[in-house]
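One structure follows; several queries about it will come next.
Read from first to last, the chains carry the letters A, B, C and D; within each, the first residue is number 1.
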Amino acid sequence: MLTLTVIVILGVMLVALLRAYTSPNVFDRILAANLFGTKTVLLIATISYLLGSPAYLDIALAYALINFISVIGVLRLTELRNARRDQEAEKP
Amino acid sequence: MSTILAWTSDACLLVGSFLLLTGALGFLRFNDFYARIHACGVTETLATALIILGLLLQSDSATPQFKLALILLFVLFSSPTASHALAKAAWNAGLRPRDNSGKRGIPLPPRER
Amino acid sequence: MEVLIDIVLLSLLVATAVALVMVRGLIASIMLTSVYGLLSASFFVTMGAVDVAFTEAAVGAGVSPLLLLFTVAVIGRKERAPEGGAVLVKSLLLVVVTGALLIVGTLDMPPFGSPDAPAQTHVAPYYLQQSGAEIGIPNVVTSVLASYRAYDTLGEVLVIFTAGVAVILILASSSHRGSARLRNATVPDGSPHTILQVVGKILIPFILLFAFYVQFHGEYGPGGGFQAGVIFASGVILYGLLFGLPTVCRVLPPPVMEVLAALGVLIFGLTGVMSLLNGAPFLDYSVLADDPVTAQHIGIMVIELGVGITVASVITAIYYAFANQLEPGPN
Amino acid sequence: MDVFSYFNYWVVVVLMMLGFFIVIARGNLVKKLIGLNIFQTSVFILYISIGNVSGGAAPILEEGVALYSNPLPHVLILTAIVVGIATTAVGLALVVRIHAAYDSVEESEILAQDEPC
């Protein structure tokens, strides 16, 4: 069953990668990268059980904690761009 | 007792994997960005919970169980937050949802614009 | 099964790299880079390299895509169409020829995973067999990093320190005495992120706590100063992203981070000097206490602390320097 | 196993060449840095693959485990990853300054501006 789970996770990763490459939209790529992040948490946790070494769980924990930072970075980036555009619109 | 645990764990992993696949399908097939976020975000949360629960039932010592519980907790916090932040970023950048016929013609709420 | 996962992950890595070659637009490239980092961390896990995977996870999950994003925010995300014609043909030719030569070279290497390859029979068996008795900590990677090859690690920490100094000097504006001071401390915050700030308030303490766990658990499990420093800095960066640069600068002022970066290196170096004064070679900890094993333990703990302080403060200082470029300038 | 005994090394070569290609064929400086990143990661993969012993556990000593992976490449690569991000930051800082000076990060445009009039 663990093997099946790993295979499914790898398959979903492949889908996310395809989407990250083919989609015309920037945000789809970000969504794909984000999806990839949570799948990596699951993959590492499952692999650690498959290989029987619980030390790997620390890595999954690290990803679970800090993986969403880059998405927040993207959010700040869009806000900054909007702010800059507003500033330029105000300036004649 | 342990066979019951093993069965439950297998069932959790199976359902979790199935949910992951449905999420991936939604990500691949929906034609609107916000629908895709929805498909990923919703299935992801439950699938992660189920898979980690399945792993939790397989372990017999306390430390990995504790770590798995922490991972679950943090994923439950961070994954919806990431979806929220991403949707907000897309909205800020001017991406608007489509209606059923595929046009981006949904009227904006009165406060915006 | 292990081999299968290995092959699938490596194929995904190659696919990501190919996508990176083809794709245009910098944000898309950054996202593919972060996918690439995630995949390589998973690959390191399947290879049994826990500490390496941990470092890649800590760096690739937060800091590295963020720095790229900051740069792109400053310079704009457009990328011009790649040049075709002669340049393309020449570079393809160069790449293919070099690659073919390298592949011919790999045929002479010992088969993958063979236990009697030269790399496995040189010093590694000594480390694996003796480290338990000489150093007395279970994680051999930490004992090699912090004790057997501590001199090497000192060099790496100095490189990180120098890189931090270089970033601060390059990005400092001329009017601010050559340091990463804040350009203007009152940046109006746009829309408030209530949800994000609440979740951030919950998660940031855990991130910092986890960093300390990684720092001090590094002798028994995966972890150590490098990973802990990066994770700590990620927590600080998250705080800065959610609450604005001025707030985080009030908590951890840039001058303090600069001093701390130097302090970490100093702790590392002074430990070496301590052993010199006690009549042992530089960075040989066994004379620091009565019992050599306890002494090694103390020495490793102290220098890991130095490494952690330097890495955390250098990465935070780099973040300040980049984020400072983004704030609207005083015009 | 025989077919795959060199697979890792070939992947390393392919990745290295893809990174190399990005560095020489793409004009955007950030893209060049990303290419360097790929190149660097391929070297990491090479080291870790060399250090791998089939069936070996992670090098954290445990009772009853006799076969471990080689810890030495792990140490070298662990530090190299953090050094890599620090040096990448230096590169990105230089890119920011170049953009401030030339208002462009495309290699051809920068070179065109530098040509003596």
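The criterion applied here is as follows: a residue touches a chain if its C-beta (ideal position, glycine included) is under 8 Å from a C-beta of that chain, and two chains touch if they have at least 3 such contacts.
As the structure is a prediction and not an experimental result, all values here were calculated from the model.
Q: Given the two chain pairs C-D and A-C, which is bridged by the higher number of C-beta pairs in contact?
A: When A-C is set beside C-D, the one with more contacts is C-D.
Q: What is the distance in Å between the mean C-alpha positions of chain C and chain D?
A: 13
Q: Indicate the whole-number Å distance between the mean C-alpha point of chain A and the mean C-alpha point of chain D.
A: Whole-Å distance between the two chain centres: 20.
Q: If you average the CA atoms of chain B and of chain D, how far apart do the two points sit, in angstrom?
A: Comparing mean C-alpha positions, chain D is 31 Å from chain B.
Q: Which positions in chain D are in touch with at least two other chains?
A: Residues 57-58, 60.
Q: Touching two or more other chains, which residues of chain B qualify?
A: As it turns out, chain B has residues touching two or more other chains at 74, 78, 81, 85, 88.
Q: Where does chain A touch two or more other chains at once, residue-wise?
A: 16, 26, 30, 32, 37, 48, 53, 55-56, 58, 61, 65, 67, 72, 74-75, 77, 79, 81-82
Q: Can you give me every chain pair that touches, using the contact definition above?
A: The set of touching chain pairs is A-B, A-C, A-D, B-C, C-D.
Q: Given the complex with chain C, which residues does chain B contribute to the contact?
A: Within the complex, chain B contacts chain C at residues 74, 77-78, 81, 84-85, 88.
Q: Considering only the defined contacts, which chain C positions touch chain B in the complex?
A: Going by the criterion above, the answer is residues 193, 195-196, 199, 202-203, 206.
Q: Show me the residue ranges of chain B that touch chain A in the complex, using the header's touch definition.
A: Checking each residue of chain B against chain A gives 9-10, 13-14, 16-17, 20-21, 23-24, 27-28, 33, 36-37, 40, 44, 47-48, 51-52, 54-55, 58-59, 61, 63-64, 67-68, 70-71, 74-75, 78-79, 81-83, 85-86, 88-90, 92-93, 95.
Q: Name, in rising order, each residue of chain A that touches chain B in their complex.
A: 1-2, 4-5, 8-9, 11-12, 15-16, 18-19, 25-28, 30-32, 34-35, 37-39, 41-42, 45-46, 48-49, 54, 57-58, 60-61, 64-65, 67-68, 71-72, 74-75, 77-79, 81-82
Q: Can you list the residues on chain C that touch chain D in the complex?
A: 3, 6-7, 10-11, 13-14, 17-18, 20-21, 26, 29-30, 33, 36-37, 40, 43-44, 47-52, 55-56, 59, 63-64, 67-68, 70-72, 74-75, 79-80, 82-83, 87-88, 91-92, 94-96, 98-99, 102-103, 106-107, 109, 111-115, 117, 119-120, 123-124, 127-128, 131-132, 138-141, 144-145, 149, 152-153, 156, 159-160, 163-164, 166-167, 170-171, 220-222, 224, 226, 229-230, 311, 314-315, 318, 321-322, 325
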